[in-house]
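Here chain A shows up in two complexes: once beside chain B, once beside chain C.
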Partner chain A sequence: MSKKRGLGFYADIYRKILIQDLKSKMSYRADFVISTFGMIMTNLSGFVTFMILFHNFPTINGWDYYHMLFLYGFSLVALTPVQCFFDNNWNLRFMVQSGDFIKYCFRPVNVFFYFMSEVFDVKGLGQLAFGIGTIVYAWIHIGIPVTPLVILKLVVFLFTASLFMIAIMNIAAATCFWIKGSGYVMVIMFRFKDFAKYPSSIFSGVFKVIFTFIIPIAFVAYYPSLVILQPDNVPLLSWLSPLLGLIFFWLSYKFWMLGVRKYDFTGS
Partner chain B sequence: MNPRRLIALTRAGIMESLHFRLGIFVTLFANLIYLVLVYYLWKAIYDSSGTDVVNGMTFTDTMIYLILATALFNFLEMFVVWDMSRSIQSGKIVLDLLKPMRFRIYTFWSYSGSHVVQFVLTFIPTFIVVMIVTGGAIKMGINLLWFVIATVFALIINYSIEMMVAPICLYTESTWGINIVKETIVLLLSGASIPLAFFPEKVRMIVDYLPFRAVYDIPLTMLLGKNGSDTPEGLLKMFGLQLAWILILTVAGNLFWNHAVKKITVNGG
Partner chain C sequence: MENEAVVMKNVCKDFKVLNRHEGLAGSIKDLFSHDYKTVSAVKDVSLTVNRGEIIGYLGPNGAGKSTTIKMMTGVLEPSSGEILVNGKVPYKNRTENCENIGVVFGQRSQLWWSLPLIESFKLLRDLYMVPQKEYDEMIELYRSLVDIEPILHKPVRQMSLGQRTLSDILAAFLHNPAIVFLDEPTIGLDVSMKSKIRSLILGLNKEKNTTVILTTHDMGDVDALCKRIVIIDHGQKIYDNDIEHLKNYFGSYRTLKLCLADGTWEETLIDEKTTDVMDVIMARQKETKITDIKILEISTEDVIKKIYEGGSV
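Our next item is the complex of A and B:
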């Protein structure tokens, strides 16, 4: 067997692990239904907050209701992959502390891949549906032309945007290899996502830099969505977001794996 | 009930939470970052609106309201739902039920220590920062006393809501789902996500009488001296609402718990 395995090999493994995970989840059917309901509730509550906000204020920083809704839907879809595929990050600290994490190090597959593949969070699909619905609704009202090119752009930039939140959560979770209270770090970072749905043009000064390049919530929806919303006036950072997304993801992956290596060396 | 026993539980709780100092520090730090985010967001919102006062709330009022709502959220946060489902799974709940004290009272007082610590170490510093940032927009007077009293009532109501929700897990075996539904409803309808003053008139008529409002909105309204809380009648009405909900939720919670406790099955011996 060659050392470097292809994408097909990993896709096959992922499918097998996913089926096992779904089977085990199906045995708690009530939990599944209530969790999905809960997820939809959180999205609905975000939506209601929006309605109330615009009930009082016609625009926010030059953004009207439908443009903001588009941004909101965009952020929901962009946050789906981190919810669906990378949810196991939340269990990392328990596994590391209890020592169970060692089992991932003994498999002949990539540790990061194997760890993440173990959990597929079905609740995220409710969010995905809600997000797509919101985008379509806003899209119709804004009157953006539907061409294959725009759709392609949307898909590419949604994918791009999702990388940033994944990177943030990878780094937050990986802090558990070094510090004990990493649960708090994760909770805080996760709460930042609530601000992804607002245009980042509201920030100024040093905080603009922080929320763009250090904790990149400006890229979770704002910059990538401008490609669709303002096709005539796209900032450079929007075009750069695919590249930046890959860099952030790669850095977070390296950081995560650095933690794993450190964990290996502690032995016992 | 012997108060010395209750104080002992509080003390144990204080010592336990002081053990997690990093968590307290991180919460405080998070509150400060949250302050920055709320500041920019609402500044943009108020700048676009063109007026200084919207629904009786100025920019400063809104900021104080939302940041202190978050600080209150951290301070009031209880993990009754999680703890209960965990102690049912591990069987620890049997020991708690055997304690020579009512389960409801025991649980409340064992959380009280962490409330004290959170209040002193995260709420008060956040409060001071907000005070400095807003340049003394918080009135320093009798409203502080009303705020503290209302917060104690809010604590009891919040606990009662938790105790209403936690036993549901005994029936459904779903912790995450139940907890998120509860949290979403409480945060939205209590004014923690967006001040209740901004809600449309018709919705407010209903929301005003729900118990969730008593958790965040009433203490904060009293602190800001809004909505008639600077008059005796206004105060009486708000405290009355809080006390009524404490009574209703305690009775209902007790009935529900007495029914649910019979459902507990603990595996193993």
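Our next item is the complex of A and C:
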């Protein structure tokens, strides 16, 4: 009686929802144009701040301008998936508080998937383009050889880097199943992403430990990018980052789902 | 397939609630407090619903209706007792259970807000893996029961409340589930929309032999749809029988309406077995002038009110 729903099914459903969603978004042209403009301005201002900073301090801890730029671009690309595919996390606490969240539990599909599939944030795509542009620009200036292996490494490590930020936001959002002030948790965690674009070596002592093992911001760009930037001197944590990313994402997913199970759904 | 759609045996559901303290000091205390009290939302409820039945699941606010529905849909786990929906434990097989149920929570649309209804239908078809042929047949059936053309290409966001409720009900039946849960489907709707929705529910129930579990405060819904009603209060089942039986039981009750000199109507519920209607009229007439008199049979609404207020059955 039960129907099997595998990865192919989920990919197909996501694609169909996405197409419908984009179609309806396009129909609100003013909204689309304004949000695209806002997104470009945000990225531009971030970039300008970065430029000003680095014209004053040409190197930080042995990192020169182009290495820093590469790291910046790397973080932008790694932060794209969380922006595009997991943006509905920001709405979770409102849905949970109002009781609307229950509707996600009545479909014969994974609740986490169904919830996230509802929102695709187009603004992330601009960030992606900006990030790729920055990486290419820095890449050329640093003179990293372009071989299939390096490209493969870049893709794999970008992918795993993105898992860390997704996991952080999943956990931050899921706190709303237990506490009322989860909005603050999310905003603080989201702010931390700004640290991702600096080499973790500039942080000392306690902060380094925190950003590596407690709130693993250092994995959003720094550790994975070392595989490309310092091919002769890759720390163990960098090599481990794909595995750690998968584990961390899986844990965050379990935590999110635990919240769904524990939640009382009181009120009608 | 078994004849029972839902079987509940001695089902209880308790919630742990933190005893909150007042003030800032109190909130800090709450952070570390383990001072919980247990609230029983559902107490020892047993219930069997057969296939094709439409039952009215009634009770005052906070009686435990929603909690029961949430347990039947697999969202909440019962604290004790047994629930079988379509022969399966809903909480342990949530996704599987969801394939065979449809849910409508009045005023809370489950459709994609920005999509035209037809696109929502197509997504649901894929989500529930409904074969194209069955899907087409269902749409045909819908066309024969209601005029869906005006809403089919309209985004849900732009719909009136009535159209949205209609859409939600159609969406809930789309994958031809064995059971549909309707929670206050006619709340806030005008009279003509109410009757349209009631006849749609009846039509779908008849055509597809779908079990319908209806919670409502609107006795019009109950009169139009349900043969059997179950009433729950303070988490306990206090009535479970045919609606006719209920009326017979309270058959000796009359609503006496007296119009006073200033034009206001005064209502009194009288049990003819214990009180004589004429005595009441005469007693009242000695006190004030009465210009008009009406004696009505008890309505379902009054019966339910009587039961909520503690009239034993």
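Criterion: the second predicted complex is superposed on the first by the 259 of 268 C-alpha atoms of A that agree within 3 Å, B and C clash if a C-alpha of one lies under 4 Å from a C-alpha of the other, contacts with A are read in each partner's own complex, and residues count from 1 in each chain.
Everything that follows uses one rule, which is that a residue touches a chain if its C-beta (ideal position, glycine included) is under 8 Å from a C-beta of that chain, and two chains touch if they have at least 3 such contacts.
These numbers come from a predicted model, not from an experiment.
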Check the residue A:107 against both partner chains and state whether it touches chain B (first), chain C (second), both, or neither.
second
Which partner chains sit in contact with A:12 here, chain B, chain C, both or neither? Use first/second/both/neither.
second
Is A:149 touching the first partner chain B, the second partner chain C, both, or neither of them?
neither
Does the superposition put A:20 against chain B (first), chain C (second), both, or neither?
second
I want to verify the contact counts: of chain B and chain C, which reaches more residues of chain A?
B
Quick check on my understanding: which residues of chain A belong to both its chain B contact set and its chain C contact set?
none
Of all residues in chain B, which touch chain A in the complex?
20, 22-23, 26-27, 29-30, 33-34, 36-37, 40-41, 43-45, 47-49, 54-55, 172-174, 176-181, 184-185, 187-188, 193-194, 198-200
Chain C-facing residues of chain A, complex
1-3, 5, 9, 12-13, 16-17, 20-21, 24-25, 99-100, 102-103, 105-110, 118, 264-268
If you look only at chain A, which of its residues touch chain B in the complex?
28, 30-31, 33-39, 41-42, 45, 48-49, 52-53, 55-62, 179-181, 183-185, 187-188, 191-192, 195, 198, 202-204, 207
Contact residues on chain C for chain A in the complex?
15, 65-66, 70, 73-76, 93-96, 98-99, 101, 103, 105, 108, 110, 112, 114-115, 119, 122-123, 126-129, 155, 183
